[in-house]
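Each chain gets a letter, A, B and C, in the order it is written, and its residues are counted from 1.
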Amino acid sequence: MNSVSRSRRRRLSAAAVLGAIALTATACGGGGGSGEGDTVVIGYTGPLSGGGAAYGENVKIGLEMAIDDLNADGVEVDGNPVTLELKSLDDKYAPSTAASNAQRLADQDKAPVVVSPNAGAIKAIQQINSGRSNFLISAYTSDPAIVQADNPLTMMIPPNFESYAEEFSETAMEHGGKKLALLGTQSEYGQQWTKSIKDAWSEAGGKIGGDNSVDYATVSDFAGPVSKALSEKPDAIFVGGPSQPTALIMEEARKQGFKGSFLVMDQAKLDEMATVTKLDNLKNSVGVLPVSEYEDPGTEDFLKKFAEKAGEKKVPTSETALNYQGIAIIAKAMEAAGTTDDPEKIREAISEALPEVDDKYKVNGFPDEITEQGHLLNPNLEATFLNEDGKYTKVPIEQVSDDK
Amino acid sequence: MTLFIQQLFNGLALGGVYCLAAIGLTLVFGVLRIPNLAHGALYMLGAYITYFFLTTVGVPYIAAIGIAAIMLFIVGVGLERLVFHPLRNSPHTHHMIAAVGAMFFFQALAQAIWGADFRRMDTPITGELRILGAEISAQRIVIIVTAVIVLALLALFIKRSIHGQTIEAIEQDRVGASLVGINPSMVSMLTLGLSALLATIAAGLVAPINLLSPTMGDALNLKVFAIIILGGLGSLPGAIVGGFALAIAETMTATYISSAVGEAVAFIVLVAVLAIKPNGLFTKAVQR
Amino acid sequence: MNPMKNPRIIGTIAVIILLGLTPLAFAQENYAMRVITVGMCAAIAVYGLNIILGFTGQLNLAQGGFFGIGAYGVGLLTTDYDWSFWAAFVVSVIGTAVIGYLCGLIALRTKDEYFAIFTMAIGFIIFLVISRWEPVTHAHSGVNNVKFPEGGGLIDFESPVAMFYLVFAILLICVYTTYAIRRSSVGRTLLTIRTSEDLADAIGVRVGFSKQLAFAASAVFGGVGGGLYATVVGFIGPDAASIDKTFEFLMFILVGGMGTVAGPLLGSMIVTFLFELFQDFQAYRFIVLGPIIVALVIFAPRGIVGYLGGFVDRRNRRRRAEEARGADDDLDSTGASTSGGTGDHRARNVADGIESGAGRTGGTPSSEETK
């Protein structure tokens, strides 16, 4: 008898659980979506959980800061005040989830713009953003493949990563020597960087050892891969992935006695790396210029606001700063186009809007033109060389064409 | 030759990492036959709690690991009570998915508390040793030594202590063990708690050579399952041999063949071994 | 019993009809159509898992890998080699079958936990090959612009509704195949193996061969699901073959109900829906979703279909009990504890005991539906 009542209790609790789920479900369903009056949703799909979460969060902070500032300044489209609202969804770095999210943001929230910060996701979203649904992709990736796709509704924010390879190679060769070891991460982006550096290095007359790329996310101990790379006695090492593991690799290489120079992929930021390892380990490296080293009109204020929002300890990166700029450009383009719901017109108005953007939003190498294919170009792109004294010296970069 | 010796030591250190991470799982999967996919998440949680006590509260390194280990013991017991106990008569599939649910929960929780950013844990054990021209850090030597000691102690615990023997008794015959007065629930709680505790010790020692992040356990999860299956379920010597063998194979193939093969080699070895010996290297009598 | 009177069959048909009608409501909602269509692709792979896990009782953790092979077969053949979708689809499915059969040859030498981890290793190796073999698979850059199926001028598969019905039609074939297998001698053979391999062997079942077939069949379903998935989403990356996919599939089948006909479909739809629903919580959704998954596994161990099936069984039993009571009025509720019941009554008590015991023991199948 006892067992019967027990199983009945179990059934009841099961029903209760299912009921609770159904309730939450309806509650959530009712909550989202409806916007008031002139609210325009800016969509964002990025990795907010899983291995890429830190990256996705950095992008999100930039979007939030931009939207807060723009709303405070007031955005006016076609004579009506407009409030911008950010709606973020998590895609865990999976392209197909990102595309579903983007579709949802466009359908349910009527977002005219969706921000996505990784090349795979952007390629998947490009399958659906012009045709049955129309929305502009604010693309944060330096992979030129996304503009080569000739998608009419894509705005690529960062510089083409291929621009760096030549200057990086020359600088590293100058400070190190002719022999390069490859120790980048095994991600979509890392693989492309490795290839680009390989080409530039051989072109500059250097020698290249074997490809020792490892997946930074799954390696438990970097000592092995580093020993392997060092066994070829390189003068320079190409490294790069997320900042913190990259810093660990460089530290390990220095520990094992490496004296040469590093070429640091743009995903890793030297100032962010300095939070997990001593600056000494990072010296003699060529990489992208830290946000705090920019001298744009809005940089200083931006750094202050960032510290307020994210805390003093957190280092502002270009993910945050460039997306901050990006949303400001889009808002201005909406004003110039006089519409918030026609992505084609917004895209067309970008080049007209660029000179109009307020100085406070110019923080990290502001672009002065947008190419036919939708790439924002910053006229004076600079990288940096972290010298023996721990000082960042600027290295001007000549930009390559996005065409294949 | 220097490279070979260097990589041998690197492989040994990696083997220590794998063994330490595998120990807790060997108990739970090897002995109780619960495939606890949340083991990596427990490892991660252990690392964060150690980090919390070390950095935020400011207690000494060893004490931080100790406090975290005790807290994780409680978490392990809680996990057994709330998740695995209600499923004790279900097939593995249920355990696996429930464990995946628990893993999602722990990862999201860690991200909510500590954020998604990578963090670095400092260790007071510094310095390097130079052996035959190869360089190896003191922390890695501690890892290797601890792995072997902890595994040996665990074997002793299971063979010699009353509590340990109850675990083995339950493993061999659940019904028979309950007839002689062993409480299977108590043993399951003890085992899960112990495994979480061991995962924390592992995490406290290994975290300083890598980074903390909510997904830090994922990288280990699959490999650790491969290791204990390779050694033979429930076999502690198997876990040691499996851990070191796979780690050295991984380091050596990455060095002399390619890093891509190095990444896959653990699984290729597993597939090859099981194709020849379907019950692993050190099989105990098959028990159903 | 007349199959048309069986509530389970009626339920399954109702679910299918309901699903088939969704485009009427959502034809203009690209998002809903996309999520449902992608969910159906996953459901097809889950039907594969159902054959090897649900019927045969072997925990195959390589299903995500086979899904990936199907997806990459279609993806690469239609883009780099410019094949038509249909040719690529057929070749990919055959390819998956061959690879699945070969994997099965070795994998099925192992048993239980060893089999599960062995297949997990196979799945992981497939993932590594896809994510590292750059010259062929483009590794992490993925495969872009996978072709739509050719409609031969009759159907335009670029329309989400057409695509929906294509996947739906193939899904129906899978559901019917599952139903047919369950009713056939093959199905009973597999269920015997699930119950006890030794027993099956003793009564003359060709255990090895049957498991081999079930494994290959499950891989084929995985390949079909993956191939369709590639054309539905248009862009695929290595995550299509990841181990996470396998666990997703497992979650679907477990929530729906293992070894049932409607379970994989219901589970795929419900879990996909839950995941989309909780998107509003972003990174924190797993604080809620994690415990929900655990609760579902604990409180509905036989899945939603098994749970509903339990109601049907109890109702049937009650009806039978009432009929019996009408015939024999002396026996009231105390009869259970007295020893004076008729043989018929005692038998019913035994059956009730088994049923309530099964409720406790969770996954142990007990009703005629699962046994």
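As a convention for this text, a contact is a pair of C-beta atoms (placed from the backbone, for glycine too) under 8 Å apart; a residue touches a chain by one contact, two chains touch by 3 or more.
All values derive from a computational prediction rather than experimental measurement.
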Of B-C and A-B, the pair with more C-beta contacts is B-C
Quick one: point me to the chain whose Cα centre is farthest from that of chain A.
-> C
Using mean C-alpha positions as chain centres, tell me how far chain A is from chain B in Å, no decimals.
-> 34
When centres are defined as mean Cα positions, the distance from chain B to chain C in whole Å is 32
Shared-contact residues (touching 2 or more other chains) in chain C | 132, 283, 285-286, 292, 360
Touching at least 2 other chains, the residues of chain B are 107-108, 111, 116, 263
So chain A residues touching two or more other chains come to 48-49, 53, 186
Would you pull the chain A residues touching chain C in the complex into a rising list?
-> 1, 3-4, 6-7, 10-11, 13-14, 17-18, 21, 24-25, 28-29, 31-32, 48-49, 53, 88-90, 93-96, 99-101, 103-104, 106-108, 119-120, 123-124, 126-128, 132-133, 145, 149, 186-189, 191-192
Inside the complex, what are the residues of chain B that reach chain C?
-> 29, 33, 35, 37, 82-83, 86-87, 89-94, 96-98, 100-109, 111-112, 116, 222, 225-226, 229, 233, 260, 263-264, 267-268, 270-271, 274-275, 278-280
For the complex, which residues does chain B have touching chain A?
-> 3, 6-7, 10-11, 13-14, 17-18, 107-108, 111, 115-120, 128, 135-137, 140, 206, 209-211, 213-215, 218-220, 250-251, 254-255, 258-259, 262-263
Write out the stretch or stretches of chain A touching chain B in their complex.
-> 48-51, 53-54, 56-57, 186, 210-215, 217-225, 227-228, 231, 242-245, 248, 255-257, 276-277, 314
In the complex of these two chains, what residues of chain C are touching chain A?
-> 29-32, 34-35, 38, 131-132, 134, 139-142, 144-145, 160, 229, 233-237, 239-240, 273-274, 276-280, 282-283, 285-286, 288, 292, 295-296, 299-300, 307, 310, 336-337, 352-353, 356-357, 359-360
